[in-house]
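Written out below as structure tokens is the structure these notes cover.
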């Protein structure tokens, strides 16, 4: 059966890459630039190559061949890996020599190409029924190749790279702050959630209040929570100088962490509780009937069976925390969000990208790694 | 030996088991039957104290179970739970090795024992030992459940509808296997089922329960021939009793044996000594035989049986 | 001894001036700690009062609000404003105002060059007339500008016009780079923008500042302010910073800010280049 | 109708609070003695509430229609090929942080209400899409076969069987989507949309805690009100279609 | 009348149904049996075109099904799907009313029909009509499934393991009900089951399938007596064939009737005319009777039957 998805995506990519601007040349950081379509941006031969590759994908996926997905994987993967070369060619052709502050930036056409090629890759990997391992490997190859191309220096003029080069140390600092806040919150709430879940398992009376409270927390929008925490925390810091000395005050990392922990509780508590209680009572009975005591039952039976679901809770929480940490920059907590909001303030869109893209990348990476972890913790192989 | 003396179990105000007295002799298979919800599982689970009893006394080999450490008590009793209850995150081998591991047997002894049990229950070591429960068919899983219960060589077996969810053919095979194992090992067994044919086949004695009480506790033959009440009569299937009785006996019981077994004529048709009288009758009706030779397991002709005798004396 | 904690506001000029302070102190052998671009005015102000930071560049006109004396006319005279700010802060918080730069970074309202030329707009009076006659106008500003009694409300009162809320594009937390750009790109029909006197992007983006003929705005001269104890511990700070701030005039600041905001040169590079050029002279 | 009581009460409270916030001036003055202005006055809270709500409602409506249509398309024979891709997009897309999505909308769409609306629609569509797929896929195959086998046309099967059965899951998706969008719209005031986030951001910029509180309280109340509305809707749905669990 | 001519169905490369020919006469019950996965459901679903066939021709009352509007085709065929497939969001009454509603019957006629069907299937209108499927027991749900299929009075019934998931007693009741309904209404029926006893009981003719082919298509008696292959022989249960054959016939077939029925002596034991020979034999074995009176449904003595005759001629 011919695949219908890939031709649709391929044709769409082909159309958009010709219709939209591939790249933009800006005379400086904030003045809008002039866009260049495919031919004008990279010249005839490259334009031909791009079109040829896309047409090739369409054609290949159209053919009712049995083994067409492997070559397609190669073609699309390679295209993605080498995509930044287009920008390099573009910058080389169009960047004026005498304007040191002129910069190239990425046009809608390029983004569309990137997006549609990624979709094609996802589709191909899905049809191949590939495991997470292969997917991560391909991702690593693509990202590696991008970094390698960036290293080469041909993309120095890219606005995004310029923004990064203006503040490499800040970037690193933002990365660590972001990670520390997100993972700190996940860690703390994991511990807390475990205790709460145990409490809920022990005592039925606590179930509704605890679940009600944590879902209430989840409902309140992040901005409101950050805002609401300012007053009490400032008051607290004013009342107890010791706390202030620890760095706890109305704005900064303390309210951010507190809010992130509050947000993380619901998925953690729910998943931990459900996982531990959904171990069938008949299994527990079997264990007991064989002579296990309650401790052995918990550590040998319940916990191993519950672990994948608990890790799933950790995954949801982590992704959410990474996103919310970006919002926390509004109350001075730092992290990639500070680039986003600075960029919005300065109308420097590539600074916004410098904050947004790593946040997305972090979320995707955390998602992939934790999904893999959950899969590897699955107590049993997928049923044959 | 297991003794229940005036044992009662309540759930809230409801009485699940009501002052029952039951003695299961060493080496005996006691089968509990009764309609759904009559208290069979509850009775079983009180014996290994998964449920404490509300009143009365339960003795295992003369000792009161409430005085014993419950883990110790259970380690000495094999327990086959309804629906297998295998641990899904452990392999077949690890599931079987569970109790020996709890008992801290040495590694080699455990391996050896697992191997032995796999062989006993006709599961191939190479193909099955490292599978996970979900990768087994229902019948295989049931056998692993039985193996797990047997692993540490307990003197007592508690089996709660161990073949409950199986199709007729697998069920029959497991019953035969169970009879074979029992004839070798002679465990004191309490067996719960809702299948009367299974009960008749496996039991030394059957205890019929209704609404938490034991209505009758007797041998299969007596349960069929002399049901204590209308309830028992209905439970065992009034109409089909004649044929059911026939399945309690084998051809061996009614055949006329010559002094000496002899080699059969080549290609001769006949029955086996171990065939039940019911099977014998069905075949004879089908073939319209009135008399056939009987062969033993080695294929020697050991006697003859007549249709009239089956009909006269079979039921 | 403890390092001097150098800070600045989060905006472009804050980053440039802050880097100058940081680098020059460092060059003078004073141990420093970098807490630049900490946040908006209120954040750095509270931080220095709490002693969390030691030095940052502040604007003279802001003292009016710190001490709740915004109604006085004294703030519209550069020298008097500086003296008064220094006196008030010294008394209240033992904070010392060092030599200010000769540049007035006051809030201003600018319009697109084409609009100004078509309608002959030069002063805020012209501008008010244009608005009152129902001319199409949409103004991009930060929340602070719209909010602050001395900014938009003061302009509106002095020149007699009123911007309705659908005539405002408020970029919460936005600074002038964003408002400038919005006006330059005519985003959402924006054709006017809040700017600062020292903004670097005015020329590049063809925006015209409306002259504040009524002198509504207080004078905002940037000056480093430092906690008294720290200045005692490192008295050389004054000698190091005075020549630098004296050398900064309006054009220089506009140029330096433009380097950062428009050309995207990192602030530390801009500061270093400028300090180097001072040293060569 | 007892289920509708909490949302109605919350709605009344929310409106009263938005309209009557100035009445609380003394309270905020006590909190924040050193500020001249303690009540946010640039826009009326009622206007902000209305604008905020409008953004969320429009994005939810458009998102629901698009997502349900997409979900239906991907589960019909004609669209089956697209099902794996669509469900992958729905789940991968949800790992994108809302702030990042909002920020990415600006370079493409500029500042103001229009871009935030587009961002909210696109982002809010994903949970609904995901739940629509799950709901439709979750309809028991035998039920679908039975419907066809009785002589229903595919359209009748969709309308009378599949959608009612998947509806509860879809509703839950809309609830998730709206919850996220209320939060994201609040952040939207950083890119020039006028929402209840405005007082919060203004307060953060100016160090005016009273503003922050006013905004935060109203956003929180709005979220609770809408959530309780969905809670009630789900109850009613359960009573209508899943009587055995409700009873 | 349903005719399948050389019908084949492939899934990818796999052949699920392989060139089968099958004719089901009007009013006949054709039962499809065979091991799991042999293509029974596939065959059924091709008849109402839920699955298009790959090759061959399917005629319903002489018309090619591919030429007909599929909805029209299906509206005229009752379909009982494996596992009931009731609509969980509709009440019992609405479920039953489904096809009449599709056919736009007037409101009153639908109500009347639903009432009629509920009565026919022994479901109490007051208690059950407004329940939802999840509130029914398995047996009740099955009956509603049958009622739904019968609702618009289709001439053809397709039933896919309609009693599959039921316990033995409910199953037996439904089978009896089905026989009763069939004796009144005479629908052309294709019935899938994996239970041989059920097939023997209900079928006019049985089609035995294996690996997509029809191995034998014949009356129950012939399937038992003259199995076409070893596969068929094993499928119907080789050993028990004698007793199975007996269950195909009733006491009425073998009793000796006096010219005139007469009133029985009060309290006399005996058999019923409709008892199967198998039941008769079992009871006679149990009671050790060699001859008993036979009563009809009204309790009149209509004849006598002897054990010898059953044994001689029953199988």
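Note that the chains take the letters A, B, C, D and E in the order they are written out, and that residue 1 is the start of every chain.
Assume contacts are C-beta pairs under 8 Å (C-beta built on N, C-alpha and C of every residue); 3 or more make two chains touch, one makes a residue touch a chain.
Here's who's who by UniProt: A, D = ABC transporter permease; B, E = ABC transporter ATP-binding protein.
Note that the structure is predicted; figures quoted are calculated from it, not measured.
Chemist: From chain A, how many touching-chain steps at minimum until you land on chain E?
Modeler: 2
Chemist: Please identify which chain has its centre, taken as the mean of its CA atoms, farthest from the centre of chain B.
Modeler: Chain C.
Chemist: Identify the chain pair joined by the greatest number of C-beta pairs in contact.
Modeler: A-D
Chemist: For chain B and chain E, what's the span in angstrom between their mean Cα positions?
Modeler: The answer is 35 Å.
Chemist: Quick check: how many Å separate the C-alpha centres of chain D and chain E?
Modeler: Spacing between the chain centres: roughly 53 Å.
Chemist: Need the CA-centroid distance for the pair chain A / chain D, whole Å please.
Modeler: Roughly 22 Å separates the two chain centres.
Chemist: Determine the centre-to-centre distance between chain A and chain B, using the mean Cα coordinates as centres, and give it in whole Å.
Modeler: The mean C-alpha positions of chain A and chain B differ by 58 Å.
Chemist: Find every residue in chain B that makes contact with two or more other chains and list them.
Modeler: Not one residue of chain B touches more than one other chain, so the list is empty.
Chemist: Would you please write down the residue numbers of chain D that are in contact with two or more other chains?
Modeler: Chain D, residues with two or more chain partners: 190-191, 197, 201, 204.
Chemist: Residue numbers in chain A touching 2 or more other chains?
Modeler: Those would be 251, 330, 341, 344.
Chemist: Which two-chain combinations qualify as touching?
Modeler: Contact pairs between chains: A-B, A-C, A-D, B-E, C-D, D-E.
Chemist: Under the touch definition given earlier, write down the residues of chain D that touch chain C in their complex.
Modeler: 36-37, 42-43, 110-112, 189-192, 194, 197-198, 201-202, 204-208
Chemist: State the interface residues of chain D toward chain E in the complex, per the touch definition above.
Modeler: It comes out as residues 140, 142-143, 145-153, 156, 161, 164-165, 241-244.
Chemist: Within their complex, state which residues of chain B touch chain A.
Modeler: 45, 48, 50, 71-75, 77, 79, 81-83, 85-90, 98-99, 102, 132-135, 148, 158
Chemist: Touching residues of chain A toward chain C in the complex: what are they?
Modeler: 28-32, 100-101, 103, 159, 162-163, 165-167, 251, 330, 332, 341-342, 344-348
Chemist: Of all residues in chain A, which touch chain B in the complex?
Modeler: 282-283, 285-293, 296, 301, 304-305, 379-381, 383-384
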